Structure formats: structure tokens, C-alpha cells
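What follows is a single structure, and I will ask about it in a moment.
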């Protein structure tokens, strides 16, 4: 059933970028002290890596809309859960 | 028919389980233990014989042999001394069980004797034999079952969360102000709920702090318990249950007494009630306050701290009750300026000063005259007035 | 059906319930009427062949939907404005609005309410505070500030006559307020399941006149201070 | 699994996505929400609990980073295995799958060392919310890694007996990538910040 | 195992054909039967604790037993009756037949999902017998009460409850994966998404909602299990203030609200099928219903905090959530108007399944509309956790679980067993259930307005409630008769399984695909043919047609190699 000609992105290059990003995140973890900046940078870094893996390694780039929506909707729900719970904890935030 | 089998299987198993459910007693009883006197019937005799044999065995295998061979040597004397102290504690305990009747002064005599010589030991031996006859035990209090059952339901609803499932003061609620965590740095609010069974007391005795009888009488008057329940103890989480009716409180007190059934059953019939004299009129007089300040600085400042110039009471005092790990529980002496008075009315202060508070480091000082005691009390009230007007330095905790 | 309302913000709750009741009554009666009529009129023998009377669905639903959205907006507006007035009020602006106030700290415990009163000087954590269980005595026409918390499990402070209900959650404290307009003795219940005796966690709410309140306070905490 | 193949062959896929891959994606979406719920409550606890940073300092981030690299490389080898299956080079498929399984086992071994180290220092699950969440989330993730290893092992066994399991390689690879993506989020959450 | 399709699909021994069968029809029946038995058990438990409510001084149940019975009634009804019957039973039986597939996408996974569910129902039933009794912290198991054994004396019961719940979610997840893949991939030729029958649409939306919402509660259940067994402080408050009980409420209700829609929507799908089949009229506004259900599904994720208006939330949060809650009434309003217009102008045949569907529809209107009272947060201050809430969710649950399911059973019984159920008994049962249900549940609204808090084992302690004790008597009497009436249904169900009159392929002359198959359908559904779809799902009484319905597709014999 090899129905669609699967074109493969250059995996080793993607892997290399991922390793670089991981090293960057470790450095961020060590040397940046301003807490808010550190957490946001780490989160952005993790998000980039996740998207890279999803698009290339999991072939989301070549998938139909149905499957992509199956991934995007739970992520929006995750964000929704966080912001739904956030005001509840705002009053007692201690970084 | 072939359709039957899957349906049969999915029907039979759950249906069988349903009938099992309905035939099975399903309650998880979370209530406090219910009282039934029959349990105690046998215990009485056992308790007394056990106590007697204890004292007897202490006598025969530890004291007599030492006396016989090691009369002169130093360590033998120390050991003898130690066992003597243990014997004395046992006797005191023993006395606490037995009624106030004529035998008790015999025990006082024995305690007053100089321990160690043979005559003293023979005396004890025949005294014990005398006690073994049970006929002279008099019953002071018999619970009636209806009231105890009603009291049990009241206890489950109102008292169990702090005073514990079996009334030993180990609370169910995790709240900080009621529980005393192991590493408690004590503050007045962290009090241990009263233990009605006497298990957590270091000498296994049922002791109440705020009672209006002479100290060595039976645990407390019924009225003391009723007042504490009705008006509560301000400054501690114990609320006043003013909305309870009189017979509800009686039922509750009856049930609480069943926790230490033997002690209450053979308690004192007519304990001497201590009535504090009427307070004088000139409590706010300047002269009284100055004399009171002197008396306070000499007697009370050690524990209660010199509040006037900002020194709060220390927290290194401990009470007679021990927590689960055996360590005595810390207590914070009352800070008269900024904390409510536990007994509610300032006249009660006289009682506490004169008789001391049982089970706590607060000593009784019978030697103080009435006038001196009233001086101290007027100084304390002066402190409270100053605190209310905000003149006293006080760090907000 | 609602018990008699004796709190100042109680009318907000009652009116809102009334508005929603009117709307829902209208919608249900309309719907039931249409459906029952349809079932009777168009059954098998009186209408053997189905008659497709209606055009596309959109044209019909627009009006009904618009009406429903208008109803929803009314309800939402009334409800949000009520909420802003009752719950979203901080302690300070309440105190500034009302002249004198009474401060009570409520701790929900397993199977009774303990009310910490501020005593004569109306300040908490002073030497004339006292605690009473299952009885809230407050003066009439004065702001009562409640600080709700719980000692063990989640309870819910529910005074039906005051139209006030708020959960007492261990580890959190929430400021709630009411102002009574009628004297009398009412009841407080626990509305959140808190264990076996949840149904018996009853407290008495007594609204008394100002003088009665003063004398009650004196009797309870007066002895603590000098007088 | 063989009975389904026979039935659907004649009807084909109405949406053009082979059923196993669609099913795997549906399962992964429910897993995303599961880990989302866990990490969400962990973030909220972090905001309300001040001793978090102090505990976080005791986590061994060296092992954490090695683990991250291990999982990344195993992701690479799994996707290369999938590419090799396309090019019919079945010997390479077996090698890459073996490497993936080895890296997975390395991850678990390192995790074990790390856990025993922490517990030895007395930081058990009861120490505080940080440790509770740490052991909870990383424990659940380690379980998922274990399941992933078993899946890959089955696929390796099938391909060793040259059963030509094209779609299985792809699906177990998908699952493995998902486990890697979860670790990409968990790693900074516990080890770096 | 080689798979040969013959008349009876006999492959493998007796065990693999029936007990561990992979045929979606047998699995559907197993779900249905286990669900109905759990419903019977839930009903009996309800009658027992309702009699305690009506005569409190006779101490029918001790307070702890009352709490655990109320909790088990709630848990059993929602998780062990609504989910299996509506999602497991009708999902498994109807979806492959309605979309022209031979079986589910993954038959072994399907069989596994039923037997995990069976294991979870055994675990939940066992939790009655453990020392300390079953869970007594409400079916929502709010945090410190449920996860700390000191408060309710229930130790093992709670852990078993959590394990059973997680097992049940695992089985429903397996089912959900199966349904979504089947509906997407295994549709017959010509069956586009917009030609799907309404029940299939509803099952898919329900499965998708369940897939996306169950994660947080499995996470929450895991944390609660850790709290309960090891003693971590996720939801239990410690002296230093760690742990947050409201977090459990958030996680539970984030799952809870989509869950109640997951349970409601298939019921509405069944009602739509039955109304169109008996009303001989096309479903009016098919696209509008589909889009409004999807809109309701999406909205159901942003609505969960309306359960926690007075639960110590930041008040700002309540404003947003009350607006979304009130907004969610609009999609369901469109849905019910569409059903109403479908009924208007049709030539309705009053069969028992139609009576149940009509009853379900009317009850759904009352249930949906009373939700507005609880969505508006100022009214919720007064009405939260009172009998008004109990009445509201009994109306919404009842319309889909009981009325919808039984309408579905009466409608598809000929297809399941090849025999028709007795109609007169059916009608008596329908009218009786409708009347006595309303007699039982409607007075509870007035109890709620009077301020009667829920989960009270006796209301005589309060003066403002004692005068409404007569409502408890009325409700208990009606509930006892209601449960007794179900015996007619059980009798009718099992009797007509063997001695009912033979039913031909399409007894109700309906249009959807499943009526093309044999009744009861052979293994592999279509034998040596396979359906091809030409027209929409509800082509009833098209002008100029001799017959008053046009089947959706026809069977084309295909050569099946094995």
C-alpha cells in the first residue's frame, strides 16, 4: 500500500539542529537568571524542537488536515486549561 | 439460540454480584467507640489485682534483695533510692484510683515515712494485703445508657474532629491551630485538645486544666466540664457551644466520662470545691498596681515574661502530656496583655493563681495571701487596659 | 417557593430567578404546544402523506435564534451585574461604603461552624476575642464581613434567607458580606458534602437589634477587659 | 490484526489515511491531553509553591541532558528505519531498530540511576509537591518509554523473520516520536528552570 | 487466524465466537446488557436511599451508608450505564451497520475494550464489599474528603473507585479510537460525511469530545491515587499550605462537562433517527444540526467552571464562564427547533419507540432550559448544590440515557434479534415511565427553589425544610413505581428475544443502511455483497415516489476472496 511517494526531508540535518537547540536550552538554563525570561526562552526553545520533530520526523508536513487538527486541537485545549486555571492561582503566585 | 450465550454470560455474573451487594452490611462506621459497661465488668477486678501484684513484685524482687545484701554500698543505695521513687509513684497512682475514704490517709502516712528501714517495708506489705479485699470500693457514678448514646452522637458531630475518635486528643482535622506537629514551635493557639482517656498523660491519669476543686480530688466537677463546653476557652480553638440545650450538654458530659469509666466510677463523692473570694472594689487603685507589679516581677515574670517592656513569654515550658513520639508537648505561658483569658472572667484568675493549673508548669502558691493575689490580678488588668489602648510595645506575630 | 429574603442583595437573586423563570416558562410552553399539536395533528391517519411546508431551515431559525440570543443577553447582563455587586467586592471598598461593620471569622469544621467574634473592640486577634460554635449573632442594618475558611474538608456556608452561599475551602480564605434587614432567628446549613454528619451541620443565625447586640457582646466578652 | 486487513482492503480508506496511522494519531491526541493535564497542574503548583526552586537545584541535570540527547538520536534512528523500509533495505531497518531499542534502554538505565541517587539523598515522592510531580510525570513518561521499547522490539522481531511490516515500523516510530516530544517539554520543566 | 466468511461466521471455537467475540454486533450487545444491568442496580440503590429520604426517622440507612449509596448511584449511572450503553452499545452495534462497513476498524481492540470495561465494572462492584464500604464523597469525589481516609472512614473503597474509573476510561478510549477510525475510513462508497445518519455524527462527536477531555481526569485520578495511597499532598492541604483542593475540581470538571455532553449527544442522535423513521419526514436542517452539535462540543470545553462559581474561585473567572454557559444554550436551542420542525407536517406512526423518543425530546427541553438558572452565576449563588441542580441533571441525563436508549432498543430490537418487541407492552411502559419520571423529578425543582441542599440524608433537622417533607414522600413513591415499571421492559425484552413475532429486514421501513442487512445480520454484516450509497440518509416521502421512503443505498454482490 505504498500509495503516496513519501519524500523524506534530510533527517540527519534536522537531528543536528535539535541537538544544537538542546545545548542552547542547557546554556539558557545555566546562565540566565531573570526567571521570567529564562522560563519563556526555555518554553519557546522546547516548542521549536517539538514542532521540528512533529513536522519532519512524524511526517505531519505531508499529512491530511484531519490528522493535523487531531494534534492542534488538544494543544489548544492544554493552553485553555492553563489559562482557565491561571486566575485562580494569580492571587498566590510565588516565583 | 446461539445468540443466547454472550447475553447469558453478561447477565449472570453482574446479577449474581447485585444480590451479593444487597445482602451485605455496607456501612463504614466512622463514629467514636460506643460505650458498653459490660466490657468494664471484668476489667475492674483485673485492674486492681494487677496494681496490687505490681506493687508486690516491685517490693519482693527489687527492694528486698537490695536491702538484704548491698545495705552499705553507694550504688546499691542509689538503686534502692530509684526503686523507692518508683514505688512511691506507684502508690500515689494507686491512691488516685482508690476512693478518698479512710485508707487514703494511711497511704499519706506511708509516703511520709522515711523509706528504707525494714519496719516501713513490713507496713507496706500488710497494707497491700488489706487492700486486696474489694468490699470497701464505693461506686460514685453510674452512666445511663440512653444519655450516653445521645452523647455519643453529639460527640461524633461536635467533638470528634478535634478530640479524636477515641477521645485521646489526637485530632482528625489536619488544621495547624488544633494539631501540635512534632517540631512545634509553640504558640498559645497550638494547644493539644484535651485527652479524656488519660492515655497521653505521662502518668496515665485523666487530668483537666480548668477545674474548681482541690487538685488531688477526682478529675473534675461535672459543672466544670459543663462550663467549659458552654462558654469555651477564648484564646484557644475550643468554641463555646452556647446553642446546645442543657440536657444535650449533660448527655455529652456523660459520654465524655465513659472514656475514663473506672476513674469516674470510683471518683470522689463530695470533692472540696474551692470558692475564690469576692474581688475588692479598688482593683484599679495605683497603689495596688505598683504592689502587684513588684509581686509579678518576683513570682510570674520568669514564665509570663515582662510584658510591660516588650519581653514576651518564652516557649521552653512543657506540659505533662506527651505526644505520639513520647516527647512532652510544649506550651506557651499565657501572654496577659494581648491574649484573651482562657477562663473568660478575671475573677477566675484568683483560682488559677491560688491552686495552680494541674498538668502544667503553673505552680499552686497557697502561701500568697488574698491581698497579694488581688494585687497581682489588678496589675494584670492594668496591663490589659494598656494593651487595649495600644500603649504596650508588641510585635505583631 | 423561595424562603423570605432578609438581606440587602437578596432581591438581585430573586429578580434574576424570576426573569429566567419567565423566559423559560415562555420557551417551554411554546415548544410543548407546537410539539403536542404536531403529534396530534400530523399522525398517520389524519395526514397520510408528509407535507413539506417549510423552505430552507435558515429562514426560520434566524428569528427564533435572535429572540433566544436577546433573552440570553438579558440573563447574562442581570447575572453579571448581580455578581459584581455581591461577590466581586473587596473588603476595603465595602468598609468605606458602609459606616460601621462587624467582623466575624467563620471556620467550617467537620460537622459544626465555629464563629470567631472580634469582641467589644471590633478588632480581630485582640485580647477580647471569643469563639462560639453554631450561633452567629449579628446586629440588624450593619454590614457583616465574613472571612470564610475551613479546618479539614470543603464545607459551604449556606444561609438561605440571606441568599448567601460560599464554599469554605481548607487552605484558602474568602471574604463574603451581607447586611440583614429584618430581625429574627434563621438557620445556616452546609451545602457541600463534608462527611457523615453533613446533614446535621446546622447553625443558628440570630439578627438582633443594635442594643441587644451590645448587651450580648458585653455579657460574652465584657468580663475579659477590666469593666 | 489480520482479520481487519482482509475486510477493509476491498473498501479502501475513505480518507486516504491508512487506518492504523489514523488510529495512532487519535490515540496520541488523547495522550497529548493526558500529559497536558499533568504538566498543566505541575506548572500551576510551581506558581503557588515557593520552595520549588530550592528543591529543583537538587536534580541531576547532567543525566537529564544525556537522556535528552539519547532520545533525540533514537528518534533519528527510528525515522531512518522507516525511510529504509521505503527503500526496501531491510538489513538497515534491523540495525536502526536495534539502535533505537538500545538508546531507549540507555534512557531507562540512566533514569534508574538518577532515581536511586535522589532517593538515596532522601528526596522521596513525599518530600514536597516538586518531588511528587517530578516522580509522577517522569515515572509515567518512563513507563511510556518502556511501552515504546516493547513496541519497537515486536517490530524488530517481525522484520527479523522478514514479515515486511511496513506500517508497523511507521506506527511504532510515531509513538516513539511522541514520547520524545513529551520529554522535550518535561526536560526544561524539571531540569533547567 | 484465517478468516472465512460463511453463513454464521463460525471460526475458532465457541469461546472466541461468543465470549471473546470480535464481532461488533456481539460486543455491542454485551455492552448494552451490562449497562442495563448496572442501570437496574443503580435504580435499586436509588430506591433504597430515596426511602431513607422519605422516612428519615426510621433509620433505613446510617448517614455513612446513605452517602456511599448516593455516591455509588451517581458513579454507576454516569460511568457504568450512560457510557457503555450509549457509546459502547449503540456505537458498536449501529456504526458499522449504518456506514456499510463489515466490522470495526480494529476488532481485537474492540473486544479488548469490552473486557476492560467488564473488569472495571467488577472492580467497582467489589468496592462495595471492601472494609470501610464504598466511596462516600459524592460522585464528584471533591478533594480533601475523598483522598483522605480519616474524613470518611473509606480507605479501600476510594482506591478501588479510582482504579475502576481509570480502567473504564481506558476501555472507552480504546472504543473511541475504534469509532473515529471506523467512521473516517470504513465508510461505504458514495457515503460522504454529509450523508452520514445523525446517530453516526453524534457518536463521532461524542467519541472526539471524550478523547480530548479524558486526559486531565486520568491525570487527576493518578494524582489522587498517589495522594490516597502514598500520602503526597497534591489535593490535601498541609499546615504549610501546600496542596490545592480546587485543582481537583478544575481537573474533574474540565473532563466533567464535555463528559455530560458525550453522554447526552448520542441520545439525541437516537431520538433524531426514531423521529424521522416514525414521522416519515426528512430531518429538517441536517447541516444546521451537525454544525450546532459541533459548536456545542467546542463550547463544552470552555464552560467547566460554572460548577465552581461559589467554590472559592477568583470571581473574575466566573464572569467569563457564565457567559459561555449561557451561550451554549443556543446550539441546543437550534437542535430542538430542528427536531420540532421535523415533526411538523410528518405522518407520524405512534410506535413505542416514537413515544420514548417524543418523551425524551420533551424532557430534554425542560432539562436544557433549566440549565439557564444555574448558568447565571448570581442565581447560582442560591441554587448551587441544591435539589434544583439534582432535578436539572436528572432531566438532561434522563432524556438521553433512559428515554433515548430505550427508544433505540425498541427501534433496533428487530435488527438485533430478528424478532419484534411487543408493542402494547411498549406503549404502556413508555407512558408509565414518562408520567412517573415527571412525578419523581419535577417536584425536586421546587425543593431546590426552597433551598434544600443536596446529599442530605434527612431534612427534618431544619425548620425551613421540614415543611417540604411531603415532596420527598411524593418523589420516593414515584421513584419506586418508576423502577417497578422497568420490569415490564425487562420481561418484554427477554420474552420477545425468543417468542417475539419474526421481523423482516426493514420493519420500520427506514432509509438508513443498516436496514439493508439481514436481521440479525450475519458475521461481516453484508455477506457476499457490499452496500453502495446513492442518496441522503433521510429521503422520506419524496414527491412523485410510489413508496414513501427511498433507501439510502443498495447491496451490490461482490466477489469476496478469503
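All chains are identified by letter, namely A, B, C, D and E, in their written order; residue positions are counted from 1 within each chain.
Just so it is clear, contacts are C-beta pairs under 8 Å (C-beta built on N, C-alpha and C of every residue); 3 or more make two chains touch, one makes a residue touch a chain.
Nothing here was measured: the structure is a model prediction, and the numbers come from that model.
Considering the contact criterion stated above, the chains in touch with subunit A and with subunit C alike are E. Shared contact partners of subunit A and subunit B are E. Separation of subunit C from subunit D in touch steps, taking the shortest path, is 2. Contact counts per chain pair peak at C-E.
The chain with its CA mean position farthest from that of subunit C is D.
For subunit A, the chain whose average C-alpha position is most distant is B. Centre-to-centre spacing of subunit C and subunit E amounts to 32 Å, using the average Cα coordinate of each chain.
Note on chain placement: the centre of subunit D and the centre of subunit E lie 34 Å apart, centres being C-alpha means. A straight line joining the Cα centres of subunit A and subunit D is 15 Å long. Mean C-alpha position of subunit B lies 60 Å from that of subunit D. Shared interface positions of subunit C, defined as residues touching 2 or more other chains, are 110, 152, 170, 195-197, 200. Counting partners per residue, subunit E has 62, 64, 136, 148, 151-153, 184, 212-213, 215-216, 237, 243-244, 246-247, 254, 316 as the residues that reach two or more other chains.
Residue positions of subunit B touching 2 or more other chains, listed in rising order: 30, 172, 174.
A list of each chain pair in contact follows: A-D, A-E, B-C, B-E, C-E, D-E. For subunit C in complex with subunit E, the residues that touch the partner chain are 1-3, 12-13, 16-17, 20-21, 23-24, 27-28, 31-32, 34-35, 38-39, 42-44, 47-54, 57-58, 60-61, 64-65, 68-69, 72, 75-76, 78-80, 82-83, 86-88, 110, 152-154, 156, 158, 160-161, 163-167, 169-172, 174, 186-187, 189-200, 202. Note for the complex: subunit A touches subunit D at residues 1-3, 6, 8, 11-12, 14-15, 18-19, 22, 25-26, 28-29, 35, 38-39, 42-43, 45-46, 49-50, 53-54, 56-58, 63-64, 66-67, 70-71, 73-75, 77-78, 81-82, 85-86, 88-89, 92-95. If you check the complex, the residues on subunit C that touch subunit B are 107, 109-112, 114-115, 119, 121, 126-135, 151-152, 170, 195-197, 200-201, 203-204, 220-221, 223-226. Every residue of subunit E that touches subunit A in the complex is listed here, in rising order: 184, 212-213, 215-216, 244, 246-247, 250, 254, 301-302, 304-305, 313-314, 316-317. Of all residues in subunit E, those touching subunit C in their complex are 62-64, 67, 136-138, 142-145, 148, 151-153, 237, 241, 243-246, 279-282, 284-285, 287-288, 310-312, 315-316, 318-319, 322-323, 326-327, 329-330, 333-334, 336-338, 340-341, 343-350, 358, 361-362, 365-366, 369-370, 372-373, 375-379, 381-386, 446, 449-451, 453-459, 461-464, 540-541, 548.
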